[in-house]
Structures are given as C-alpha cells and as structure tokens.
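Before we start, here is the structure in question, set down as structure tokens.
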C-alpha cells in the first residue's frame, strides 16, 4: 500500500491531476454551466461517441473466444456439414435385376444403367417377388424388371415396357431416382448413343449444392445477425454499465448502430467466407458479383440485426438470448424459407406462415444472384419486402430500448 | 452564484401501483456535498436515476445546472457524471481500456485522453493495474476505477448511487479522498448511502422514506434534534436492561451493544429519570451515561421507522 | 473443558509463495460476539475457511468447540453454521422452501424439520414472508432468511461473512439485535464486516492486516490503541478552507462534516498548532477548532496504514 503521507509536491500533482486541462477539456469544446452552442462540433462529438462504442465492442468480441468461434468458424462448419451431408444426390443406387428377356437388347439396356455410374447392380434374381424381398431387406433400393417380350417389342417397333420398383421410404431420393431412370429410358428409347455423360445431361450434383449454398448463406447470415447482437446487448445489461451510457451524450439510435456495426462487419466477412468455400470446395461459382451480393444483403443484415436487438430487449440472460435466436432464426429458415423444401409443396397454412419468414425473400435474392446473375431489376420485389421487415424490426427495437432500458 | 446547481420540484414517479417518489422537492447549491439516505425502498435510487436522466418522472420539474433535467439537452449530458449501483464497469476490458472508452465516449481528443487517463490512473493508484482486466480487480479498486471513469469529462455535477457499498474501509477512505479533492474544485456532488457514518460526511443530508423526504438539514442540526436524548448503560445484564427499558414509556428505542445497552429517551425532562428508575428496578445499578447520538436516532425519532 | 468456543494457535496458511495468514493466535469464548475486521485480502476469509474446515492450515492448530479442524470437520458439521456475503439463497424458492432445503442439507430428520422451520420463521420474523420467493424479499428480510438458513440446525458456532452488506440502517440494527439474542442464548458468533459502526456491537474485536493481527480487544480498548484524534474545524468560506487543508495531507485527512471540516490526525497537537496559520494564509476565517473522538473507522484506517508503513 503506498504511503499516504504525500509530500506537498505530490499533493499539488494530485490537484493538478484533477485540474487537468483548464477550461477546455474536451476537443476544443467548453463545458459551460449555461447553454453554449456546440453545433459546429456536435456532429464530430457524436461520431466520436459512436466510434467509441464500436471500438469497445470489437474489444469485447476479441476477448470472448466463444463469440469469435461462433462468428467465424461455425458458418464454414455449417456450410461443409450441409454441403457434404445434406446430399440430395443419389450415387450408385444399388439395384437388383430381373431379366426375363435375356437378350442382347436387354443386356444393352442394362449396360446403359450400370455405365451411367448412378446405378450399381447388386445381384440378379429370377423372380419379381425375390426382388421385392431384397428391397424390403434393404439390400437394394430399386429393382429393374425386364419382361420376356422386351426385345420382341423393340424389334417390332412397339413400346417396350420395363418394370421399376423403387424403395419409396426416402421420398426425396426416390423421386430423384425416378427422374434418373425416366431420363435414361427416354434416351434409350430415343436411340441416342449410350455412354452418358452425366454432368452434361443431368448435372444433379451441381444442382443440389447450387441449390444449397445460397440457402446456407441465408441461414448463417440470419443466425449470426440475430444471435450476436442479442448477446452483446444482454451482456451490457448484465453489467449495469448501460445506465451510465444512457445518462451520457449518445442518442439511443447511435448507440444501437455503434453496437451493431462490428457484427454487421463480421457477417459480411462470413458472407465472403461462405462464397469462397462454396466455390473452392463445392465448385459453386456465383453468377453475379460479390459486391452486388453484399449490397443486396445489407437490407437483410440490418433487418436481422434489428431482430436480434429486439430479442435482446425481451431477454435477461445470455442463454435465453441464444435459444430464442436459434428458434427464431435457424429453425424457420431451414424449414420454411424454401431452403430445402419447396414452398409450393407446403400446405397452404404453412405457406402463409412462410410469408413472414424474412429469410424466404433473402433466399430469392441470394439464389437470384448466385444462379442467374440477376440484378435489381428482377429482385426489387423481395428486396422491398426485406426493407419493410427491416424498418419494422428496427422501429420496434428502438422503441423497446427507449422504454425498457 | 445564486443559481442552484440542482432544483427539484414536486417530483413523482410510480411503478405500477408502487409510488417510488411522491412529490420530492429539494435544492442543492453549487459546490455542495449532498447526501441522500434512508431505509430500503425509500426511493433513493429512483431519485438519483431521474437526476441522472436514465428515468423519466411522471410529474414535477427538474432543473440541473440551469437546464431542464427532463428534456435534457445534450450539454447537460456532458456536465454530469453518474455512478449507478453495482460495479458498473466492463469486466473484460482492462482498467486502461475502460478509461480510454469513456474518454472517447465523452468526446475527448486523443491527446486529452492520453493525459487524462494517465492522471486518473495515478490518482486512483491503479497505474500498476492498468493492464489488468477490470473484472480481476478487488472491489475497492473496481469502485475507484468506476469513479475515475465518471470523472473523465470533469462533470460539474456528480451523482453517486451507494458508491461504497461492499468495499472495505481502506478503499472507502481512498475513494472519499478522491471525491473530496474533486469537491474542493467547486464541483457539486450528490450521493446516496446506507452507511450512516458516510452520511455524516456531507454538507446536508436528506433522509428519505417511502418516497418522501422526511427531514433535510445539516448533520449537526439533525443530530441536535437528538442531543441529550441518547444514553448508554454499561452492563453485563443486557437482556434485563433491554427488557426494562423497552417496557418503559420514557424510552423511544433500545439498542443492545457489545458492552451494554444504548437507548433513546422521549422528549421530556423526566425521561432520563424514569428510564433510570426502570433500570434499577430490573437490578441494573450502573448509571446511564450520555452518548453520542447517531443519524439512526434521527430516523427513528422522525417517525420513519 | 475450556470455555473457549474457538481457539487459534499460530495459524499459518500459504498459497504457493504467498502467505495469506502469518501466525495468528486468538481465542473466542462461548457466547461471545467477535468482530473480525481487516482490509480486503488481509486473511479474514482464509482464516474463516480454515475454521470451517474447507482449507487445511499450512501449520498451527485450530479448535472449534474442542474439536480440531480440519481433522474433525465431519463431526463439527452439525455444530457450525456459515453465512456468506453472497446470501446463498435460492432466488426462486420461497422462504419455507429455502429453509426446507437447508434443513435437508444439514441432515435434519423429517419429523424435526417441520417444527424447526416454523420456529425459525417466527424467531426471525419471517412468518409473513413464508410463501414469498427469496428474490421478492426486501433486503432486511433476505438477510434474516439467510441467517435463519444458517441457523436451522441450531449450531453452537456461527460464522458470518459480511452479513449486512448493503442493508439499510434499520435492517442492520434489527439484524444485530438478532445476533445478540443468539449470543445471549449461548451461541458464539464470529462476524466480519466493512461497517465499522457495527464493530461497536461486538464484545471483542480483532483487526487483521496482511495476515497479521494488528489489534485486539474490546472496542474501547482498540480505540485507545491509536493516538489518532479528530479535530472539528469550523471556518468560512468552506471551500477555500477545504482546499487549504487538502494541500497539507501530512497534517491529517480532511473531510466535510456538515458545515465544518473534520481532520483526522495521528498528531492532534501539531495539527492544532499549524492549522490556524495555514488557514489565515489562505485568507480564511477560522471560527473554532475542537477535539472530537475518532470513530472506530478512523482508528482502523490509521492502524492499517501504520502497519503497512
């Protein structure tokens, strides 16, 4: 403990410490007892307050390894996870064969199946019932039944029917299998050359990840932008420091912008990462420009950040903030935005609910830019809806903050 | 300076059915050290929050440094320093980073920030701890840091809500040393406390209870009200003495202490004699001696209990 | 058998190279209210933890109710109660539920626990808050409830770590009345506090700084240990006088006291001599200088500073 018996010099230092700069402590602005116009430097001072809040927020983020991990690693992780695992593609579908024709024609036909790479012959059986048993046992997903009159019909120029039994328990892949086989058969019957070049003809791989990457972008953006600000504000509430800020010279709106700016920046960074990883790992290249993507994403970022802020006004602890953010962002986005399940195929009531999911419109924008290189002219409608959402959430958040904090 | 630093008139604030503030009226002169004390839920915090501008009153007027305290022009916000309850500090920022933040927040230029931060670290003896995250500092150091952060912009008016609750006596002394230095420069300080000894170290005290100010006067005048009313009898037989005194109509309150019993007599000439008789009747022969009155006694006699 | 509820002999506790408690020795009699004072980090909490048995001494011996800690801690569990400054109440449980919980923790039998809770509620004036959740209680009632929970198993020795932190004066006074009633019933109470006016409530005090005992005795005895005295300086104008006196910290510590200044000084005589000249030089009118008894806090601060120097 330092000795309190200060020398007179030390005391003067203390007095000076408190006296500091004489009349103009702050950047050239006097602190008067009566109102003195500070219009000229008002904007500069406000900017300084705002940037102070932003810089502080960056320090908090740096010091909180959890937030850092969430914001930088999870997006890429999700992308890889969804990209590889959520495969709508089918490859090497195991099938069994019932060739009751046993002709050169039937063998040629079978060859076109196996050569495509999408189907893999597991075994050959004599009867259809045996084939069905194999499907039931799970040893194959499909059975191809070539009837005895196959070659005869072909030679006679008649339609040659072929029987297919597809394991429908996974309806999505079943329909894809059906599509493949129909296409194969169509081609075969059109007497085109065998030796399918799947990429050119089908492009199913590309389609599904093309399909997925923009959707993942939307999910990640939505999740990050909602979660991070709610954590940030709740963290501030937990400390009591927010009282001091409220007593101080910053407008609530400026405070909000200052606090959200770092998270907005992080989200743009996340966008970039997803685009890069999507291109490098999955070969999904964006048709439109990245700049356009960022600019068109901004309204959505603002809307989602505002939603995150709104959530934080209702919530007292960080855990609840996280759960609520997850429920409000990730779940509806995955299920209702058209990310995986087409909206058109949802029940009417659910379709109505999906109208209120902001990510649905963001998905249209992102997919438009990614897949079609679309611009403002074709995307202004979803953009408008997003702007409306943004205005609503922002207004609600500011109002709540003004009242509750 | 004839203008009051702070003037409140008919201030009221209710939370649902609870009347936190009922028509508070008070004036604080420039350069005054003003204390607000009282029991729990008296409205002390609520009043300070209205003064700091973080709460809007339902009715009444507030004038601070000549400006309207309700509409609160920006200038006013630069002239007030506020320390809310609890350790209002950024735990994951270092001491220095906390100070840097507030300097920037109040619009100080880079050079001013550098010199001010250095000075404040020196003043609060926290130089050696500048790189420590604030959450790792002891309670006393934290509170000194919070005070330093509230002083960066040299506010004319300081508002402190129970600033020394939970910190040890030594840190409390240091804290008050810094505040007293600040006061000597003509600044106005209004603070609340539940520690009555701390309340006495002020120019004037307002004792609040249930949303109203019950008494407001200098410490001397408040204690004068209870002069010659407090006595202490040193005895081992504390229980008997306390019981006898409690039963006596001449006694307003009884307080058993470590080495005897202190008590307050009512405002009558024979009160002491009556009380003494009650004591001897209970077998306590020791003579009651006059004792230093405390603010608590004022509270009790003002009927706030 | 000794009349001491607590005996500490040459207690040392080190944490690595840091010595938290450096050979302290003291006794506490049964039925005594013992005040354990000291700055933060002085070793108070460490000592209490050793006495409760959750820390082992590096050397030295401690006895509570005749049993040695930490060796016999298990046997002492029923006889020792502890209330920490963090209240340790469950916020969303009612008073009754909190008490029931702690009763179960202390191993009170089912048939006993009901009546123990009822008598606690009435003893600590909590009957009206029986069904209120702990978070809804006013601070005075909360602390009483925390005390009730620590006392449910009727321990002979009670350790209270800053039990009145943040409480308002009335509640504190009532709390201390409660403590005294317990002491009168033969319970031994060791209390730490940062409110030195509460030190007056104690039978005896012990002041610790940097692991050593620097003062011990009744409040009166401790007060007499320091030469510190207080001077009431009435002068005008107040602000100028304050600046003048603040410029001479070697004379003493100056603070506001109503309409006058209070100077707490270890050397009242030289202060009395020098202050008039100092004030005159500052152009201030001196009305009077009178002596005043130092508060226990003044003495405490002075003793700690002296021991640090």
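Per-chain numbering from 1; labels A, B and C assigned in written order.
Please note the rule applied: a residue touches a chain if its C-beta (ideal position, glycine included) is under 8 Å from a C-beta of that chain, and two chains touch if they have at least 3 such contacts.
Values in this document were obtained by computation on a predicted structure and should not be read as measured data.
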> What chain sits nearest the middle when you go by CA atom centres?
Replying inline: B
> With chain centres set to the mean of the C-alpha atoms, which chain is at the far end from chain B?
Replying inline: A
> chain B to chain C: how many Å between their CA centres?
Replying inline: 20
> Just curious, how far off is chain B from chain A if you go by their C-alpha centres, in Å?
Replying inline: 53
>> Need the CA-centroid distance for the pair chain A / chain C, whole Å please.
In response: 57
> Can you list the residues of chain B that touch 2 or more other chains?
Replying inline: 170, 181
> If you look at chain C, which of its residues touch at least two other chains?
Replying inline: 246, 253, 304-305
> In chain A, what residues contact two or more other chains?
Replying inline: 1, 15
> Which positions of chain B touch chain A when the two form their complex?
Replying inline: 3, 49, 52-54, 65-67, 73-75, 77-80, 82-93, 97, 101-102, 104-109, 112, 115-116, 119-120, 122-123, 125, 133, 149-151, 153-156, 170, 181-182, 185
>> If we count contacts the way the header does, which residues on chain A are in touch with chain B in the complex?
In response: 1-2, 13-21, 25-29, 31-36, 38, 41-42, 44-45, 48-49, 51-53, 55-56, 59-60, 63-64, 239-241, 243-250
> Which chain B residues qualify as touching chain C in the complex?
Replying inline: 31, 33, 37-42, 138-140, 162, 165-173, 176-177, 180-181, 183-184, 186, 194-197, 200-204, 218-221, 238-239, 255-259, 292, 294-296, 299, 305
> Touching chain B in the complex: which residues of chain C?
Replying inline: 33, 38-41, 85, 138-140, 162, 165-173, 176-177, 180, 184, 194-197, 200-204, 218-220, 238-239, 242-243, 246, 253-260, 262, 293, 295, 297, 300-301, 304-305
